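Next, two complexes with chain A in common: one pairs it with chain B, the other with chain C.
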Partner chain A sequence: MTLARILRHLLRYSTEFRLGVILLGVVAILAALSFASPYPPLDVYVVAPDVPPSRAHVFGTTSRGQDVFWQLTVAVRNTLLFGIAVAFLSRILSLVIGLISGYKGGWIDRVLMSLNDTFIIIPLFPLLMLFYFVMRDSMTWAMLALIMSFLGWAYDARLIRSVVMSLKRREFTQTGIFSGMTTREILMREHMPHVMPIVFSTTMNNINWSIGLEVTLSVLGFTDNNTPTIGGMIFWANQHSAMVAGVWWWIAFPVAVVVMTFVGLFCLALSMNEYIDPRSRWSRMSGGSA
Partner chain B sequence: MRGYLQYFAKRFGQFLLVVFIGINLAYVITRATPIDPIEQSIALATSFGNSSPEAIDAMRRSLRELYGLTGTPIEQYLIFWRRVATADFGPSLSAFPTPVGALIARALPWTIGLLAVSTLITFALGNLLGGLAGYYQRSRSLKALGIIAIGLHPIPYYIVALVLLIIFGFVWPVLPISGGAAMNLPQGFNAAFLGSVARHSILPALSLILVGLGGWFLGMRSLVSNIVAEDYVVYAELAGVERRRILWSYVMRNALLPQFTGLAMALGGIFNGAIITERVFGYPGVGALLVDAVYAGDYGLVLGVTTMSIVSVSVGVLVIDISYPLLDPRVELK
Partner chain C sequence: MSAPLAIRSTPIAQETAPRMPVVSVEGLKAYYRTDHFGVKRLVRAVDDVTFEVRRDEIYGLAGESGAGKTTLTKTLTGAVRPPLQIVGGTIAFSFLPGTQGLHCAPPPEVSRVRWRHLSYIMQGSMSVLNPVRRVRSSFEDFAFRHMELSRRGFDAAVRAHLARMQLEPNVLVAYPHELSGGMRQRISIALATICRPELIIADEPTTAVDVIVQKDVLAMIRSSQKEMGSSVLLVTHDMGVHAYLSDRLGIMHAGRLVEEGRSEEILARPRHPYTRHLISSLLRIGDDTPRRGLEGSPPNLADPPPGCRFHPRCPLAMDVCRREVPPFTVHGPDHRVACFAVTPEARP
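After this line comes the complex of A and B, so read on.
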């Protein structure tokens, strides 16, 4: 039941998983190319503006005199990094809270879960906008990532909790307790491996969620627009009325890449979810490793 | 009945907690800032022309009072809560001297009308189609629908709205792309105005439905395809119960329960959706109001809309929660 084995299984049998890997592979290569960019990402007017896609500029150039292709590579890298950072930080929160809440039960569980439900219900977008409103230009990329991971853990913590609650009643947990393992050891060594597939699929969903919010916030102009991101590119394109001016390539390519990222991540999460569907998972686990 | 009262008390406690934490978050966010909103407003106001130092000082004092920044921290905190409780956020700075409450009251019907209706349509349509797709698993058209739903689902809302705007605004301009109703019509209950409202709401509603449909569809499909394999459904089939009746009263009814809790969460997302939809389609609702308030630096209005959205979302969730036992009699037993 290790994660690596599950991934190998999915690669062999799931079409969605393969599609996701291919799409994200292309996006990742694009992001990696940013290190080979001939232009500094923050400089403007380094090439002739408004050139349609051609041999010299594969995706054309922007009205700000930037090469769309090379600008896009940096933007994709930053957007991906942002999503991964948010997902990583919020995974830690949801894992810790989900494991403790599910294993301990009682009043700890009740307190943590009402906190959890609160964060599920509270409308995030108005809060994020309020945050931008008070922070203004000191709202950095890292700060936004920190806030979003603080707000984005709740739903998955509940999912992890429900898995741990059923793991707790199983024999190996009792064996662990009788053989003198501490709570931390049981949670980390015994329960964690069972929770990892879910963490994997929620990670994909969480990256999607955070990138979606980041794109939306940037497009509205509510982030630090000096760091090139996909949303930032669309923001600047809108600022220069790219669609009306006929500079369609400035919007079309970032949109295409972000859609590829989304569909890719979603496919991965979907195939993983199908794999860990509770019914098939339990039949597999009781027949196999347990 | 006692079970229901207990359930109600628990839900109500959760509601109070949500409001409490939400409002406190809003308070902490506005106070934890390294930037002084007052100095910013003054800088904005004095950037054109000259103002005497006395005038600036007077402005600073009245702004401090307006923002509730006078007195000790505890007093400020209490002032903040009193304002929330009485829904009094003072006059708007960007639409002076209209009170913030009046601006929100004007915008709220638009947002609730557009978003509540499209959320409900999405919920009904997605669950219906998902249920059918889960029950009639061999149907080709339902399978194709599933692929479309999966394809559309992960695309960020903004992108879908933008594409619709380009298609129906530039490529094939048949629908109005901006505003809530035609400007030259008197507002009221007459056919011309209501028709105009409906026409203006098609594109924003369509974009919301397209994006939201996939989630309900996928959730319902997997729920139904699990339920179909349950013993009681197999038994009903063997006993010769009509297939249509199995689908509606045995399968869908049970699958709908978890989806109904999901509806509460979707309601929570209404204000997230409102902001972008209304911005893209120039719809005169609360979301557009919030975006404009942020651009204009209107502190009272931003805070008013934020707290209003927290409270109204919690109320919506509470209403769904307390009506849940009517659908699922088992809840009472807990």
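After this line comes the complex of A and C, so read on.
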């Protein structure tokens, strides 16, 4: 099936997929609007502070004199980019490590998997806080993305490894070896297509995971607060006691948008999972009777 | 061996001089050596096997499970990985002069020879095609590197070959799951023969398909072999397949070759008691006498019985069989047997 047909099929038959596409579509439009922002995102006191939502400022303004709507567009863009960057980098790591570990076996597998298990059991949150306290000002947005992707590959590497371990015993792998294909060729051409659906589905979960952690860290002030992100907005709102001061819109809108992102990604991952699992796909196609 | 070989009829050499062997295996010993927590085991899976596959013939290798057939094909194709070890013997390929088998040839030589000169139709050949790739991609992945052609030339060669094999060219754009099992098997045979190799090793090529498809696939192997003039080493436990396809037949038992000869000769007049049991277990149309199974089970190759490995189950076993390994003696043209009971002159 071509990609377009798969998408059409999913849109027609999967409510989760439709919901996910709508929610993420809204979030993506918001992020795209950031390029049309009339105010530079880092400037403060460009508008009157603490104005409730109105026609001039749809989502109101902050106590720092920023327009919440336009601030939010930039924040969503950065947060999404963060999630995608982490997911992309950690997918590369988990693919490379999972494929090699599963295919090579032996001591290479043992070394890689003990490394993998180490990363699985490390408590991430305290570790990230530690990174922040050690690095302080050098802990930029990009740096955090890099660190998170180095921490986020382990589960999926194990998943990919298990798939490759079974693929390795299959006849087409043996034929490939007999034909003189190199390990790289076998992994890239014969095994990658088997693994990619899993990678797609775990990407969504990984974006969710990284955004969640980023928001948590920023809200608590353990990141670089100068790059506007959703967590960063909530952090500044808390710093200005927005809830106490009655500036609810400063917190409510960022929270609403991040919840939309979460639910959207979760729905996509769910529908992808169901699509990839042939049993559930079958039951869906035959009207849930199987 | 103390006793000289008894020669009854014309020596093999005179008869077969014009037909050069494509591969001759000489005294091959392939053992599995394992060492688990200090417990050492040595499984003599292939023990002192000598035979040759001649040009333009189908040589069948028969024997029950665990007789060492698959180990032998692994050794021939060079897939020797621990715990499998080649302990002795040589494998001389006509297209690979100067080496003692693929397992000890330098890697560039191995990749030059494989597919081009030596091809392998493996057990479960239906699953040779990657289920998530189109058939065309499998051809490109596995065969393109061996053809020395441009992409377009390769494509034309694949189409021409499929046409020769009486397969539609549109199977190339199909995914394997869209094709039937027999179709997939025929495609994988086409895939294995596209370079017109001198030697094709087929390991149980027709297991897991029904008899009708089996007949088609076997006919395809036969016709492509005839057309290309290649040799086929056909490994299967199925005597029916051997009767249909093999020109000459080698019977393996417990890692050793016990009898070898022309298929019709072996099927009509088996000499070795093991072969006799094997042949008499075959079903014949119109013959409804009950079949007698052989008592006991194949010997444990980690601790094989001394002498002839068949003697614990052999109805003709004698004292000498428990002590000495029977040598091959020649029985008529191209027919040799390793048994003291049927060749008294071989006894020490």
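Definition applied: the second predicted complex is superposed on the first by the 267 of 290 C-alpha atoms of A that agree within 3 Å, B and C clash if a C-alpha of one lies under 4 Å from a C-alpha of the other, contacts with A are read in each partner's own complex, and residues count from 1 in each chain.
Just so we're on the same page, a residue touches a chain if its C-beta (ideal position, glycine included) is under 8 Å from a C-beta of that chain, and two chains touch if they have at least 3 such contacts.
Keep in mind that this is a model prediction, so the values were computed, not measured.
S.K.: Report clash or fit for the pair chain B and chain C bound to chain A in the combined superposed model.
M.R.: With chain A as the common anchor, chain B and chain C both fit in the superposed model.
S.K.: Among the partners chain B and chain C, which is in contact with a greater number of residues of chain A?
M.R.: Counted on chain A, the partner with more touching residues turns out to be B.
S.K.: Figure out whether A:L270 sits in contact with chain B (first) or chain C (second), or with both, or with neither.
M.R.: In the superposition, A:L270 contacts chain B only.
S.K.: In the combined three-chain superposition, what is the angle centred on chain A between chain B and chain C, taking C-alpha centres, to the nearest 10 degrees?
M.R.: In the superposed arrangement it comes to 100 degrees.
S.K.: Touch check for A:L127: first (chain B), second (chain C), both, or neither?
M.R.: First partner only.
S.K.: By the touch definition at the top of the document, which applies to A:G212: first (chain B), second (chain C), both, or neither?
M.R.: The first partner, chain B, only.
S.K.: Quick one: classify A:T15 as touching chain B (first), chain C (second), both or neither.
M.R.: After superposition on chain A, A:T15 lies in contact with neither partner.
S.K.: In the superposed arrangement, which partner chain does A:L220 touch: chain B (first), chain C (second), both, or neither?
M.R.: first
S.K.: Looking at chain B versus chain C in the superposed three-chain picture, what is their shortest Cα distance in Å?
M.R.: 12
S.K.: Taking the stated contact definition, name every residue in chain A that is touched by chain B in one complex and by chain C in the other, in rising order.
M.R.: Residues common to the chain A contacts of chain C and of chain B do not exist here, since the sets are disjoint.
S.K.: Across the complex, what residues on chain A touch chain C?
M.R.: 170-172, 174-181, 185, 189-190, 193-194
S.K.: If we count contacts the way the header does, which residues on chain C are in touch with chain A in the complex?
M.R.: That would be residues 77, 79, 110-111, 114-115, 120, 122-125, 127-133, 137-138, 141-143, 145-146 of chain C.
S.K.: If you look only at chain A, which of its residues touch chain B in the complex?
M.R.: On the chain A side, the touching residues are 114-115, 117-118, 120-127, 129-136, 138, 208, 211-212, 215-216, 219-220, 222, 243, 251, 255, 258-259, 262-263, 265-266, 270, 277, 279.
S.K.: Going by the contact rule set out above, which residues of chain B touch chain A in the complex?
M.R.: 13-14, 17-18, 21-22, 25-26, 29-30, 32-35, 37, 40, 150-151, 153-159, 162-163, 166, 170, 222, 226, 264-265, 268-272, 275-276, 279, 290-291, 294, 297, 299, 302-303, 305-306, 309-310, 313-314, 317
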